[in-house]
Each structure stands twice: as C-alpha cells, then as structure tokens.
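Across the two complexes that follow, chain A remains constant while its partner is chain B and subsequently chain C.
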Partner chain A sequence: MLELVGAHLQTESQAEFDHQFAPGQITVVLGANQSGKTNLCRLVAGQNSRARGQVLLDGIDLKTVDPRKRPVSMVYQAFVNYPNLTVAQNIASPLLARRGQGMMDKKTVAARVDELAHKLQIHSLLSRLPHELSGGQQQRLAIARALAKQAPVLLLDEPLVNLDFKLREALEIELRELLRETNTIVIYTSSDPRDAFTLGDEVLLLAAGEKLQAGAPLDVYLRPQSLAAMQLMADPGVNKFERDSRICALRPEHLRTVTDTGIDMTFDMQVSAFETNGSESFVHGEVEGAQWVMRCDGMLRISPGQHLKIGASASDVVQF
Partner chain B sequence: MSSFRPQNNRAWLGVLPVVLIVAFSAVIPLMTVVNYSVQDILDFNTRFFVGLQWYEQTLNDPRFIEAFLRQVAFSLTILTIQIPLGIWVAKGIPQNSRMTPLILVVLAMPLLIPWNVVGTIWQIFARPDIGLLGVTINALGITYNYTSDPLHAWITLVMMDVWHWTSLVALLAFAGLTSIPQPFYQAAELDGANRWQMFRYVELPRLRGVLIIAVLLRLMDSFMIYTEPFVLTGGGPGNATTLLSQHLATMAVGQFDLGPAAAFSVIYFLFILLFCWLFYSSVVARNED
Partner chain C sequence: MKTNMSRWILCGYLVYLLLPLYWLVSMALRSNAEIAGEFSVLPASPTWLNFAEIFSNPVWYEAFANSLTYVGLNTLLSLSVAIPAAYVFSRYRFLGDKQLFFWLLTNRMAPPAVFLLPFFQLYSAIGLFDTPLAIALAHCLFTVPLAVWILEGFFSGVPTELDEMARLDGHSFLYFFFRVFLPINRGALGVTLFFCFMFSWVELLLARTLSGAATKPIAVVMTRTVSASGMDWGVLAAAGVLTVVPGILVVWFVRKDLVKGFALGRVS
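On to the complex of A and B.
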C-alpha cells in the first residue's frame, strides 16, 4: 500500500490531499497540463521537484530512503535509455547497477532480460543500440528497463504521448495485460480520459495540484462531484447550461438530433463546425450562448451555419 | 528556359567576394609557400629549382625531429590535462543559478586575453626573483627557476597553456551538459547508478560531440602554439622548449632560409592535417560500428 499524506504538488496552490494506492491496481492520474501529475511522480520517486508531502510505502516513510535505493521505477514521457548500451544491456542496467549490493548473478540477469524482451516484443533487437530503434521500440525498451527492477511501485509519466495514435492504442492494450499480471502499485499519468477507461482500475483526478475526485473510472464518469471533474473525464468536453439558476452539464455523447427517441428536453444549436471520421461525427455550435459539441454515430448531413434542433434525456443531465 | 540563364550566372557575382577572400588569404599564400619550397632563392632574380631537396633536408634535420617530438609531447600533455580538467570544471558549474552567467564570464576571461599578454603574465608570475608563483615556490623550500631548468620550463609552459585554454574545454563541456534532459539523470538515479556510472553512461555519451570538437581545436591550436612560449621562455633554456613553430620562425625570419622554411611549413601543415584527420576518422569510424 502506497500512501500520500498531505501531498502538496504545486507552489501556486494551497491544496493538499491524501491518497492511497493499492497493490495490483493501476491508478490513472488524470489531469490537464500543469495539474501536478509529473510532480506527483517525482514526489513518489523522491526526485527534486517543488512537491511536498509524506510518501509511505507499507508504513515506511520513503523520505528516509535514498532515491538510489527507492523501491520505485519510472517510465518517462521522453524515451529515456542509455545511448551507448545495447538493448540487452539497457534492460539489465538496473540489475547490474545493484549487483554490487549482492543482488543477482549473471545467469539470473540474462534470464530476466530475455523474459522481459519477449514480453515487450523487443527480443529480436537485443544487440541494437537505442538510436537504431523506432520511437515505439525505444519506449518498449524503457518500459522493460523499468520492469526489470521489479520495484513494488511503478510510475509511468505520460509514457505514450510521444507515440503516434495507432502505436499508442496497441501498446496501451499490451501494457494493461503486462501490468495486471503483477502485484505492483502502478501509477499512470495521462491527460486523456480514454486511458482511464482502458487501463485504470482506479482514476485520480487532479486539477491545479488539487485532488478533485478518485474512484473506479466508471463511477467517476457517472457521478462526477464537480464540473471540473466531469470536464476532465469527458472527451472532447462537456456542454454547460443553466436551469433554475443551477449549473447543469451534458456530455457530447448524450446529445441527439430530435428525430431520435427518448428525448425529453430540446435545445437550439447554431452549427459552427462539423467534423466526421465516418464512424462518428462531432457537431460544434452555439447553444444558449455557450459553445457545445455533440457526438453522434455515423455520418450526418449537417453543414456549418445551419440551425439544428438537438435534445437529450433528462436523466443524462448532471447538476451541480 | 533561356530567360533564366542570365539570373543563374549573376549568382556567381555573389560568390565572388568569398572566392577572392579565400584566394588572397589562403590559396595564394599556400601556393607561394609550395613554390618557395622547391626552389633555392638567393635573391629575387636568382633562384634555382631544387625539387624535393629541402623536404629531404628538413626531414633528416635532427633539430626538426627534436622539435617535432617536443611538439607531440607538449600537445599530448596538455590534452590529457585539459580535457578531463575541463569536464570536471564544467560539472562543477551550477546550471540554473543566478551565479551561472557570472561564472561563465569569469571562466572565459583567459580566452579573451591576447596571447602575448598571456605569455608576459606568466613570464612575470613565474619569475623566481619577483613573480608571485616563483617566489612562493622558492619560499616553500623548492628550488624553482624556469629560465635555467628545462623541466621547470616545461612545467611552467604546460601550466600556462592549461590556465589559458582549459576554460574553452570547460565551456564546451558545460554547453553539452546543459543539453542533457533531467529525466536521463532521474532514470539513472532510480536505476541505482552511482556518480561514476552516471558520468560514464549518462553524461559522457552525450558529451561526445562537443568533446570531439574540443580535442580537435586543442590539438590544432597546441600544435601551432607560438606566441606564449616565445614570450615565456624564448624556446630555452637551450632548445628545451623550442616547439615546431618557433623552430620554423627561426629558420624563416632569423636565418632567412626561405626554401627550407617553406618545405618545413608544408610538412608542418600536412602533419596537423594528418593528425586531425586520423583522430576524426577514428572516432567517426567507431561511431559507425
């Protein structure tokens, strides 16, 4: 069990929070840029940042542990590997750096390298140097290096943002399988709510160093405690409106054209933009003075400038 | 098609100044030297073609060989001191401190001092009768006189060059160090890397580029060094600190042996070229393995 007590992630904010990360669980830390995600990772890793707070692993304060010996490994946004070591040496590096402390003999190291290289599908590249690998392979290597350490805490700080879309999705699915097998405490930061659903057993929402909400991804999605929390879990964003001087919000996927069934409230939309990829479409426009976006299945015959009657089911409205 | 041609030719006018400057500053003087090196010049109207005679003579001249060996010893010595020392100094410079610009300016100062002034500074600094360094060392009970003892002269010469040029290596290495992103250090730290491993596997590979430049610059510059030893020791005591350029100057200006001096210059030039090429191609070749 990893515990954060009085975590203060940003100098600009006063916010402090506590959180507990359970072993064998993947916690997706979701937040916009500058929300304190990286600072959270650094706090846990014990590396210099402006974050403050107590980090307890099974009751032991990690502050008392030298970063060199911290039971934590980390994958970074940039592809971090040793440029003049081969793939095999790179994977072995956290094991070899510790060998002086009487950890592992050569055979065990070789076996471990082989196992990880197979898991991450880089076993055919073992004698290459990192700069000879593609971006996706370099990040696979970085993940293998992090796993090699077999630390009870694994931090992944937006590991896939520098990869292209398809590679990202593929690696994400692999990662889920890979991480679920272990009894590791996994903290995965992201700014994409989809990561919370594909990877997360739990999601922790951060905004400006503040903990907005935490829980199972679907729970947080269904029962957001604040507009900001709902906004973070929505893609591309939420649609706000006011009813009886209360702030209400609707998700893009809950809006429909009025010809559909199950509608008990309607809105007028002045369409400003329309995008589609064939399987789904996004209609952007103005509703009651606010910018809205509606997501629909398939293609729609809509052009910018047109007036559109849209509707939603009252049960999908979230009130704050 | 034809309407484009005048425009294309006009572009040559743009290149012309560079061609002229390079011709007057490099090609013509170099060719003049090559021309002198195959002639025996008695006066401007009396000259004989002698072929490779001056080259043979130079290469068999024991004074040339001695100066050459001294030169190699000097260059290797200052390289083995300046490169590690420069890296060490660079690692000591704080990267994001308010002091950083000040430190860099102070560090760059030796590089801004005219070379003959550097020579003069050390000539006085090291004097055993009035120089701070010379007097201090003698006061410690160590006999030190760089004008009479060849070893002392060498040590002083090397110290002067280290003082003068280590800053260059340090500044280059510092630039290389600042370009290493923090996550590389952090990852190595979490891997449990100690300071030496951090240097060996994180910093050194990324300093390669700037260090190659540093070694090349220092190799070429030290091979051509003239002013500072000329002012400091004048090549003495005896010929103990006579390096290649000084030997050349003696031949060309002192004895006015233009033919042999020209042959010497060409050999000298080819040696520098050869060393740099050997060094560069060996590191680049290793890179491609």
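On to the complex of A and C.
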C-alpha cells in the first residue's frame, strides 16, 4: 500500500490531499497539462519538484530511505535511456547496480534481461544502441529497464504520449497485460480519459493540484461529483445547460437526433461545424447560448449553418 | 565545366593555405647556405641536419619539453576544474549562478597583457616564478572560463532525467558521472581539450614573462635564437615544423569528436 499524506502538488494552489494506491492495481492519474501529474510522480520518486507531502510505502516514510535504494522505478515521457549503453546493458543496469550490493549473479542478470527483452519484443535489438532504435522501441526499452528493477512501485509519466497513434494503442494493450501480471503498485499518468478505461483499475482525477475524485473508472464516469470531474472523463468535453437554476450536463455520446427512440427532452442546435472519421461523427453547435458537441455513430448528412433538433434521455442528465 | 571551375578555385585556396607551411618544411630541409642562395622550389640537397641539431641540443629539446609540460599541466588543470563547474552550472540553480557564469566570461574580455604585471609580481613574491605551474596557472585564467562555457552548453543538452534515472536505478553519482555522463559528452571534452591546448600552446606573452632559464618555452627560444654567426634559419625552420606537430597530433586524436563537437552535437 502506497499512501500520500498531505500531498501538495502545485505552488499556485493551496490544495492538499491524501490518497492510497493499492498493490496489484493500475491507478491512472488523469489531469490536464499543469495539473500536477508529473509533480505527483516526482514526489513519489523523490526527485526535485515543487511538490510536498509525505509518501508512505507500507507505513514506511520514503523520505527516510536512501534515494538510491528507493523502491520506485519510473518511465519518463521523453524516451530516456543510457545513450552509451546497448539495449541489453540498459536493461541490466538497475540489476547490476544492485549486484554491487551482492544481490545477483551474472547468470541471473542475463536471464532476466532476456526475459524482459522478449516480453517487450526488443530481443532482436539487444546489441544496438538506443539512438539506433525507433521511438516506440526506445520507450519499450525504457519500460523494460523500469520493470527490471522489480520495484514495488512503478511510475509511468505519460509514457506513450510522444508515440504515434497506432503504436500507442498497440503498446497500451501490451502494457495492460504486462502490468496486470505483477503485484506492483502502478501509477500511470495521462490526459486521455480513454487510458483510464483501457488501463485503469482505478482513476485519480487531478485539476490544478487538487484531487477531484477517485474510484473505479466506470463509477467516476457514471457518478461524477463535479462538473470538472465530468469534463476530465469526457472526450470531447461535456455540454452544459441550466434547468430550474441548477447546472446540468450531458455527455456528447448521450445526445441523439430526434428521429431516434428513447428521447424525453429536446434541444435546438445551430450547427457550426461537423467532423467525421467514418465510424463516428461530431456535430458542434450552439444550444441555449453554450457550445455543445454531439457524438453520433457512423456518418450523418449535416452541414454547418443548419438547425438541428437533438434530444437526450433524461436519465443521462447529470445534475450538480 | 562548372565543377571543374570550383575544383580549381578550391585547389588554389588549398595551395594558398599550405604554401607557408610548405615553405617552412622546405626551409627546414635545407642548409643555411642554400636558404640564403638562389631561389628554388624544391630543396636541392635535402638534409636532416637541422632536425638533428634540435634533437641533440638541450636548449632546443628542453624548450620543447618545457612547453609541453606547462601546456599539458594547463589542459589537465583546466579540464579537471571546468568539468565539475560546468556540470554544476548546467544542473543546479543557486544564488548568483547566472552572474557567476557571466563573470567567468568577462575574464576572457581582458587582453592577457593586462595580467602580466600582477602575475609577475605575485609569482615572484611567492616563489612560483620560473616554474611550469606558474605558466599553467596563468593560462588557466583564460582556458578555464572558455572550457566552462563550452562544456556547459553541451552538458545542458543532456536531459536531467538521465541523472535522476541513474539514481533511481541505484547507481552512485560517481558511477553515473564517469560511466555514463562523461562518455556521452566525449565530443565536448575533445573540443574543450583542443581549445585549451591550442590557447596555451600558442600563447607567447604570458609564457615569456613568467618563464626564466629553467622553463623557457619553445616559442620564446625561437624568437631569441640569434647566434654569433647570425640567424640560424634552417634550425629555426625545423623548430617551427616541430612546433606545428603537437597541434596536428591533438587534432588527429580528437578529430572524430571535433566534428561532432563543432556541430554543437546535441546528444540524441
């Protein structure tokens, strides 16, 4: 169990919060840029940052642990590997550092390197140098090295954000398999709510250094406690309106054209933009003075400038 | 046609660059009588006697040894001071760091001659005068800021995440610094070494003032060699040739790193 006590992530905010990360679970820390995600990682890893707070692992304050023996490994957003060491030497590096403390013999190290290289599918590149690898391979290497340490806490700070779309999806699925196998406390930061659903056993929502909400991704999705929390879990953003002087919100995917069934409330939309990728379409427009987005399956025949009657089921409305 | 033209221009330029060097070598291979005699492009009867004179006369070879001693000492001192300094400047923020960094550069703004008198008087007072260390230290005033500036640029190009990662991996700072950080900055070290060596090797004013009979550098000996029988042109030329050699050697050894270094090769 990893515990944050009185975590203060952003100098600009006064917010402090506590949170507990359970072993064997992947916690996706979701937040926009500058929300304190990286600072959270740096706080846990014990690296210089503006973040303050106590970090307890199974009740032991990590501040009292020698930074070199800190039971934490980390994968950075930039692909960071030792540029002058081969792939094999890179993976072996944390193992060899511990070998100095008399923990591993050469054979075990070699076997472990081989195993990890196979898991991350870089075993054919073992004698290459990092700069000879593609971006995706470099990040695979960084992940392999982080796993090699077998630390009880694994931090992944937006590890896939610098990769292109297809690579990201493929690696994400692999990561889920890899990380589920272990009994590690995994903290994975991201700004994409989809990561929370594909990877997360738990999601922690951060905004400006403040903990908005935490819980199982689906719970947080269905029962957001604040508009900001709902915004964070929605891609694209949510649609706001007012009923009986209460703020209400609807997700883009819950809006439909009025020809659909199951509608018990309707809105008038002045369409301003329309985008589609074939499998889904987004209609942007103005409703009751606010900008709204509607997500539909497949293609729609809609052009900007037209009036559109849209509707939703009252049960999908979230009230605050 | 066009490539032919540019080829000729390039060749012309090369000849222009190498002509003085060739003439120096060609003089070194002639006797004094031939140098003073008729003009000829090639030495009529090449002789190694001038070089033999330098390698057998202690005035000459000791001067070479003196020069190499203080230049080597200077390069060693400069690098061993500048490497940690540049690392700190690139990695840490502290009170007055920017001012201190800029102040280092201002040392380079003054002409060396300005420091002649204070160095001379100070060294004489503390008994450092006429030692290789005196000249090496004086040159450090110029080479250290230069080295710090060059190295800091390169070091800053290495992401700090690498330092942090090494620590998380469980490596000691010394392991990281010597096994990872310095090797990936080899280009930078090569360039810096080159600049320090070259400055110290060609600097004449401080070297001449701060050296006595025991440490006379080669450049000084060359400017003072007038014997009773007049100038010994051939030997002087041979000394000149030998003076160029260390520079060429240094460039040869660091040439690969130099190319990377001058490209201001950010670590990829």
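Please note the rule applied: the second predicted complex is superposed on the first by the 320 of 320 C-alpha atoms of A that agree within 3 Å, B and C clash if a C-alpha of one lies under 4 Å from a C-alpha of the other, contacts with A are read in each partner's own complex, and residues count from 1 in each chain.
In this section, a contact is a pair of C-beta atoms (placed from the backbone, for glycine too) under 8 Å apart; a residue touches a chain by one contact, two chains touch by 3 or more.
Remember, predicted model here, so these are calculated numbers, not experimental data.
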item	value
Partners on chain A (chain B, chain C) - clash or fit	clash
Partner chain(s) touched by A:131 [first = chain B, second = chain C, both, neither]	second
Which superposed partner A:319 touches (first chain B, second chain C, both, neither)	neither
Overlap of chain C and chain B interfaces on chain A (superposed complexes)	45, 47, 67-70, 72-74, 76, 78, 80, 82-85, 93-94, 97-98, 101, 145, 149
Partner chain C, residues of chain A touching it in the complex	45, 47, 67-70, 72-74, 76, 78, 80, 82-85, 93-94, 97-98, 101, 131, 145, 149
Residues of chain C defined as touching chain A within the complex	159, 161-162, 164-172, 175, 180, 183-184, 267-268
Of chain B, residues touching chain A in the complex	181, 183-184, 186-194, 197, 201-202, 205-206
Residues of chain A defined as touching chain B within the complex	42, 45, 47, 67-70, 72-74, 76-78, 80, 82-85, 93-94, 97-98, 101, 142, 145, 149
